[in-house]
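The structures considered in this document are given below.
Next, two complexes with chain A in common: one pairs it with chain B, the other with chain C.
This part shows the complex of A and B:
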């Protein structure tokens, strides 16, 4: 079963994304900031990361930059943010994101990005 | 033995023009010194009247996290109107790390921030309004819940309302029930709002 880590400081958002992903058959874990996410990822890399931008201690950009510096952690990441500014999307990709979604995310949108990045788009 | 008290002699100080205090020297160090020098300059600059403006101006371009931390701590100590409004301006920065540091700093400030935050809830930029809701918590001000209710009743941006509902899940009381129901009706085609509002309603009714 594919493992996905949701990284977001808002508990409600984590619960919402978890519900969508678990109902699609994924195994989901959560982290509430970049530091906690990095610890979990380095302990056992996930198949995919869903990452918020604005979080305390270590934001989403910082988390992805750190993650990409680790040779063992090149798995895809979806960056999710409340912001639709072009600068944020550009920075997301520069930090190592593979796709970018603006909140509020709808189920079909999230799952299509996840499946595409996991190579399951035709399944 | 009795103590002999010496009379304190007041020396006459001649009227000599004092050099005008200016923060130009530490301000220059903020731009030119190494990181240790910039941290030192950020601390020294606090004693000058225009400190907040200078510090905020430098904060926006400072890349070293340790220097930024000293600048933010100094601004917290200053805690004046210039410091607060300067920090508020940083919420518009494209630098996510700076925005998050500023959000953390706002949480350390006292009553001085309350009127600024209140006015920023009406800022034209929805991202700023989202950051302000992130700063709010029940310990900041006793009326935080009523501000959040006001947000979900009036704000037209879905993500501002969503962020307010996230917080109402934690601090909401019975006063939030009807506004949450109205929010669900207003954003009836937004699944996240339906989910978050239902969660908030469930938690409020459980308490």
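This part shows the complex of A and C:
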């Protein structure tokens, strides 16, 4: 099973994303800030990261920079934000995100993204 | 399409919202004292931000609107564009209260009443008014609603097309907006239709609602009243007063054809994608071109959109010309994504090409090959038409320009330092664990009924285990088996110990810090004192002191009342204080501490104190005391009169603490949970009120006494001591029996008489009477009983049903042998 890490400080958002991803058969883990996410990722890299921007201690940008800095196999990362702001989107790409979605992410949209980023053939 | 949340998600949302609201309130209070504290400000911002983000998962526009305004405002404070002020704090607190209210409503009814919308708009407007450089009108506020950044466009777009007022787009919910944008990216042209049927349209055979609904390509629509509506009594049901706004992706010709009979009532405007969304507009051309390159057979609409989106994003990243320390990792991730994308569309052979391009990019530091591969891949996926190619190029320029301006950005600012060094710094921080954070607490939220059930069960266990000693006795006396008796006793002591520990553990679970009640005081004191025009400094001490949940909860109302009284009647206005030689700012201290098995809470103010003369006079006027009492009572006794019902000391009745009802209510509320309240006051210096409460209500220590062959329990809180008094040392003063105990004259009363039992008190062989010295209110009294027995912990059950009227008893408890012990209500019987 493909493992996905949800990094978000909002428990409600984590629960929402987890629900969608688990129903599609993915193995989901959660981290509530960048530091915790890094610890988990360094322990065993995930196949995909879904990352919030604004978090305590280490925000999403910081987490992605650190993740990309670590010269391990590089898995795709999606940044989710509450703002459809161009500045935030550029910053996300600079930091190492591979895509940028605006919350709330609709179920079908999230699953399409995840499937494609994981290279899964479509049924 | 819209995210329909399962119920647990909603519950999670409400619960998290409550936590966040509480945290926000606390942070706002802290900011009041330290408005420049960036850390607190950031935390506050994040709270509101998260709240808003969460609310966006559901369709609660009323909530999102207010939170969005709050977030924007705080964002401006954070960046120094707006200044923190009391008014700002007030408005934010109002907003938080409102959101809390909505949470309650959602919890109760699963939704928000439509009537809340107006309030929400007012609150959001009030917040936006505090933002500088922004038109503080409703339109600007409305435009920023939802999660669309239309404001950024607001300066340019309306000029291009004056008839398209951008605020209209704000009404489009995010979900519809997104779906519209996706259509747009697939090459559809969006149209905004504003359809204003004529008033008399019904007489022309028009069916406007149906027409609107049947509009081709309808994505979203709304009904609105373009003009003011007349009062209900004058409303003509045969005239059409409503209009429609519609968003469709049907081609213009089709729309013109559809509305050909209503040209004068319909306005159709072409909507470019960037009106709906800024920032992605430049990628649209590319997406348009790309969408034709994708095999559409196995792809859903969402897949196509996602595919285009991701591809465009990778291209945008490759065009970045910054070279941060994590550049290599970033490239690898792109390569991974590209390989996965091609795998997803069934082209597995491209992986090696991508790897080659990646290796080249990594070794040379130029992305050219990767970029070339990407572009080539798009081209080899064929069918890109010249026109599309053009727009692709234009799109590229856009992205490039964006990347150029971007390189001027200080990327490191987010990590506060040189980006190349940042990772090393952050590496050190791995040691930190999640436990030392607020949200990571290892606590468990449990429904109170579950705890109550445990509590009841342990109560029964405690009572049932007391049957074992009786059983042991029977084994010995009735069946003559001393050994069995001893074994039972042995087992009993083990069970006893475990039950005690278990009871203790469950009590611990029920323990709550008084901060639960205290936390509302900063806000209460702030709001109240400002309403009264007084300056008050609130000092809270011992907030971590714990007591049983029920005690803490029943403490809230009396405490609030006392605090209000202090603010209203105790503390003076700044002018009066200065004139009296006191600092202008009054001080109100609320202090909690544990003393033995009781919690003591003191509310101390340095206000004007209570004038005993005024109280005496008032009490006399209201007939609470007679003239003789008026002459006789001491100042302290006079001050205690404040607890008498119906006494108001306020010269002016204020809406805050009411009419001086209150202090008597406070006392009865405190006494109901076996507490006591004592007041001390010094004229001109201030007042101190001391509430003493048991730590827990669950187990009551009682002394068992005997009277006329029956057993009664007296709560140990009331028991001062047990004494034996010889008959001849009892004297009668004015028909009252008294005895001198420890140098004081104490009135004596026979329990039999008080309970209406005819029997006379029994004397023991030494001609002595058993007297239980009890405290009833502020007075001491000797209760003449027949004998004393042991003290024990019992679970007191209040009476229910017909027995509730028995005021002489506060409840009953089960004894170990199964008999019922009546617990006396000392205050009532004396």
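Observations on the structure shown:
Note that the second predicted complex is superposed on the first by the 120 of 123 C-alpha atoms of A that agree within 3 Å, B and C clash if a C-alpha of one lies under 4 Å from a C-alpha of the other, contacts with A are read in each partner's own complex, and residues count from 1 in each chain.
Here is the rule we use: a residue touches a chain if its C-beta (ideal position, glycine included) is under 8 Å from a C-beta of that chain, and two chains touch if they have at least 3 such contacts.
Keep in mind that what you see is a predicted model, and the values were worked out from it rather than measured.
Applying the stated contact rule after C-alpha superposition, one finds that A:11 touches each of chain B and chain C.
Of the two partner chains placed by superposition, only chain C is touched by A:115; chain B is not.
In the superposition on chain A, contact of A:94 is made with chain C only, not with chain B.
In the superposition on chain A, contact is made by A:66 with chain C only, not with chain B.
Using the contact criterion defined above for the overlaid structures, shared-chain residue A:36 touches chain C, although it does not reach chain B.
Residues common to the contacts of chain A with chain B and with chain C across the two structures: 10-13, 15-16, 19, 54-56, 59, 61-62, 82-83, 85, 91, 103-104, 106-107. Within the complex formed with chain A, the chain B residues making contact are 94, 96-97, 99-100, 103-104, 126-127, 130-131, 134, 158-159, 162-163, 165-166, 169, 190-193, 195-196, 199.
Residues of chain A touching chain C in their complex: 9-13, 15-16, 19, 32-33, 35-36, 38-39, 42, 52, 54-59, 61-62, 64-71, 73-77, 82-86, 89-91, 93-100, 102-104, 106-109, 111-113, 115-123.
Interface of chain C with chain A (complex): residues 1-3, 5-6, 8-9, 12-13, 16-17, 43, 46, 49-50, 52-54, 56-57, 147-149, 152, 174-175, 178, 277-280, 298-300, 302-303, 305-307, 309-310, 313-314, 316-317, 320, 322, 324-326, 328-330, 332-337, 339-344, 346, 402-403, 406, 409, 411, 414-415, 419, 422-423, 426-427, 429-430, 432, 434, 437, 439-440. Residues of chain A touching chain B in their complex: 10-13, 15-16, 19, 53-56, 59-62, 82-83, 85, 87-88, 91, 103-107.
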